[in-house]
Amino acid sequence: MKKLMNAPGDFVDQALDGLTLANPSLVRDGESGRVIRRAEGIRKGKVGIASGGGSGHLPLFTGYVGRGLLDTCSIGNVFEGPNVGSCMDAIRLADGGRGVLRLYGNYGGDRMNFDMAGEMLEDEIRTTTVLGNDDIASAPPEESAKRRGVAGIIYAYKIAGANAETGADLDEVTAIAAKAVASTRTIGVSLSPCQVPGSAKPTFEIADDEIEMGMGIHGEPGIWRNKLRPADEIADEMVQRLLAEAPGNAGSEVSVLVNGLGATPLEELFILYRRVAEKLGESGLRIVQPLVGNYVTSMEMAGASISLCFLDDEMKGLLAAPAECPFWRV
Amino acid sequence: MKKLMNAPGDFVDQALDGLTLANPSLVRDGESGRVIRRAEGIRKGKVGIASGGGSGHLPLFTGYVGRGLLDTCSIGNVFEGPNVGSCMDAIRLADGGRGVLRLYGNYGGDRMNFDMAGEMLEDEIRTTTVLGNDDIASAPPEESAKRRGVAGIIYAYKIAGANAETGADLDEVTAIAAKAVASTRTIGVSLSPCQVPGSAKPTFEIADDEIEMGMGIHGEPGIWRNKLRPADEIADEMVQRLLAEAPGNAGSEVSVLVNGLGATPLEELFILYRRVAEKLGESGLRIVQPLVGNYVTSMEMAGASISLCFLDDEMKGLLAAPAECPFWRV
Amino acid sequence: MSTFDIQDVKRTVAMAATAMTVLEQELNAADAKLGDGDTGGMLARVIGALDNASLPDGGDVGAGFSAYAKAAAMATGSSLGTLLATALMTFARETKGRAEVPVAELGDLLAKARDAMMARGGANLGDKTILDALDAVAKAISGIDSAQEARSKAVAASGEALDQFRQKPNKVGRARMFADATIGMDDPGMLAFARLCAAVAGPGAQ
Amino acid sequence: MSTFDIQDVKRTVAMAATAMTVLEQELNAADAKLGDGDTGGMLARVIGALDNASLPDGGDVGAGFSAYAKAAAMATGSSLGTLLATALMTFARETKGRAEVPVAELGDLLAKARDAMMARGGANLGDKTILDALDAVAKAISGIDSAQEARSKAVAASGEALDQFRQKPNKVGRARMFADATIGMDDPGMLAFARLCAAVAGPGAQ
């Protein structure tokens, strides 16, 4: 797998340099330079939202720092959690005096480091935690707390971010973030792998005519692997799996994210979206603010994920509130 | 090459359905349904801008229909020009009574069809033509009129689009579009091919450790093919080739587009951008409104192009003017 | 004097459409070397569209060609497809109102199509495009009355054009920049024309 | 009574760093089957960082481990790397202020590290993680005074743990969902631990 890079060890830092150079609203900060924060800093009196995760998923995570979204983001090496120092820095830099929500995906390394960071700062800053766990393919429903966080986390960013901008307190922001996560379901399908810079091999192998349903954004094994099928069949299965896990209290409005994993052309995402919209319509659901594009990637992986965020009026309003980062503007 | 699609013959129409379903600001129109226009229609008294081209390059071409950008866009099958009927429809639908600029890339099929369309409508609507020809690798400087149009055309869209919104007349809009094209230079580098839906093979073959400098957005042969090099070396060569062809009257301000061809991760584009910015700075150039992302793609092709748009004050102002389409907002 | 009517044209189109199922990938591959790899897919679709086009009643050859021209123009905006539509439009104009057209006129019709295609596409003879093959055939069958003879001359002339031009550089289309690199390769449009000539001439001609 | 000092630790780290150049891709491949394929690259980098860390003067073993813990924590936020930092922090706490540590205490130190890692990561013994290999080694060398003997017991115990767990399902980490599919595969963290035990024990032990 060919990469436009210099040395593997430079990959993350040079990408962050480029990201911040091209987007002056984002600034590198923190002891290891592994925090991205808003250029204008945190507004006093606002609850802060700090996220973080491994590199290799742009625009996630760092790209969602901005007004109405994240305040700070710690970032690790490719597919590795952010180190504890960066997590501490991200929390500190997000602190406007009213506490900080730690909002990130449910992965072991990320969790350990954000936990440690919170413990180390516990005398200084009040923190809460909400973990993204939207990937329905990563654990059965009865163990949903064990599920991995994937593309659907951007709904929690948007909804909690908008809530924090209104002046809500930490408990309120935490509650709405938790509600957004609890209302979001994602499933992905992969067509081809990616490769960690410096690794001699791709994260997995897959035949020229095969796809894998339910694969994670780091290439974690999915539910089944089989021959490529027509896009409509794939969309149908994904929608059906998502709807089968709709939250008990789901209303009739839903936002949809058809997300490209990195190497899948927009044309194909729109072909999928077309069918997804049709199927949701048939199920009596009304689509609100659909998103189609590369929002959460796995470097050069080909494939797509579909996320549904079941909305109530409160979340709907927050999703529609103004927000602005380099990759998403409402 | 695996594609998330149904039948090859449905590829374009289903992608357009998805595009317009997900983006209500865009509407399918025209006899063959192969025109995308602004939902609100053309404003009377505004010069219209109609573009068009083959499918397989999203967000180009249809994605750039919107306020301050294009009014209409005709769209062909993958890598085929739009048919003459769609070109006529695009011109008609862009007509607000003050004439229509035909602004598209310099390819034989596109040219023939837009020419025919203009001839057929010549008693009804005054039209002018500006052809994007920014690809410096496609013909030597003394034959620059023969060069192909690639990613840099979006600068002409933005600058001419902003000018048209001000109420400028057709000659003015045409002149500024021509100036934008004359001020823009692009070169691309490819790492892996794409495949036309229905074709049994990719558009080209390339070894696992090779890249091709100067390749076109349909896989047209480039300048050299050789081993993959570090990103900085690639960026240096591309910038040097672009600067060697800077327009004679170039000032010190330049906008830069580091564009992904489809399968190249954003991380890599930012790694490139970082070096490009450094090199331009060393050359005494000031970067204005940089763009990094997938703006003009070749489906699942991996690689990137770099475009420089040398700005004077007039173009700089127009580039900064408000504009809004699903893939670019200023 | 032998003639052809719109049913003959229709049969020829059907033969070409059948031939395209075999030729499609070969032509794509030829185009991939110089251009964007779609010549075969495009032609298969466009000739398929002609084959499916419904012809007006009455047997007017010109009206038939006009229907074909519209079908081609609807089906594509590619260079070659558009030039094909241009040629069909020329045939339509030249044969308007006639139920039969002398075979001896075919060479002239092709020459007129060639000129219309040059005017539309801006290429010249010698640029190594479909025009050179078309020109060779137009000349080879000019004035020939026997359909059988016209067929075999067309096959021979288009094949020879292909051979003659193989070692020359392409001068238009997507292969422009590095014309020298195209030496030794067949132009996809010429190749398509030669292969289709052979296919519609049937096993008898060669 | 045999003891080790911070120079012994430093030598061991250097041996591990050297070993990682050989182990890196094997561990990546093991991780790719269940997780994200980065165990080897991550460990190579982290152990390389330890190897390059400068130790405080004075020979305090605890201060040395503390420097290593910080270097590890700076270098990664991966699960395994963070757990390694946790273990090093535990060693630091337990050996603070001492210039020499009895070999016989090593088993206890590993057991304390294991408990700290369980507390931090939330996994249990039996989940088929590095913890199970660590636990086996802690028990096997508990109270053993001879460095030579401790080494060979560690190699044997970690290898046996690997063999014993191979046919069991993974219960934590990225391999959670389809635990059954992990039967027959080595856990990358356990594999890393066993391979590194063998590497630092040197050719003498086995």
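Should a chain be cited, it is by its letter among A, B, C and D, assigned in written order, with residues numbered from 1 in that chain.
By our rule, contacts are C-beta pairs under 8 Å (C-beta built on N, C-alpha and C of every residue); 3 or more make two chains touch, one makes a residue touch a chain.
The model shown is predicted, which means the values in this text are computed figures rather than measured ones.
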Subassemblies held together by touching, chain B left out: A, D | C
Centre distance in Å when chain B and chain C are each reduced to the mean of their C-alpha atoms: 32
Rounded Å distance, chain B centre to chain D centre (Cα mean): 54
Gap in Å, rounded to a whole number, between the CA centres of chain D and chain C: 73
Shared-contact residues (touching 2 or more other chains) in chain C: none
Junction residues of chain A, two or more chains touched: none
Contact graph of the chains (line, ring, star, complete, other): line
Touching pairs - complete list by chain label: A-B, A-D, B-C
Touching residues (chain side chain B, partner chain C) in the complex: 8-9, 32, 54, 74, 76-87, 107-110, 112-113, 115-116, 137-140, 146, 148, 196, 198-204, 216, 218-221, 223
Interface residues, chain B side, partner chain A - complex: 2-7, 10-12, 14-19, 21-22, 55-56, 58-59, 63, 191-192, 208-209, 211, 228, 230-232, 234, 258, 262-274, 277, 290-292, 294, 297, 299-300, 302-304, 329
Chain A contact footprint on chain D (complex, rising order): 25, 28-29, 32, 34-38, 40-42, 45, 73-83, 85-86, 120-121, 172-178, 181
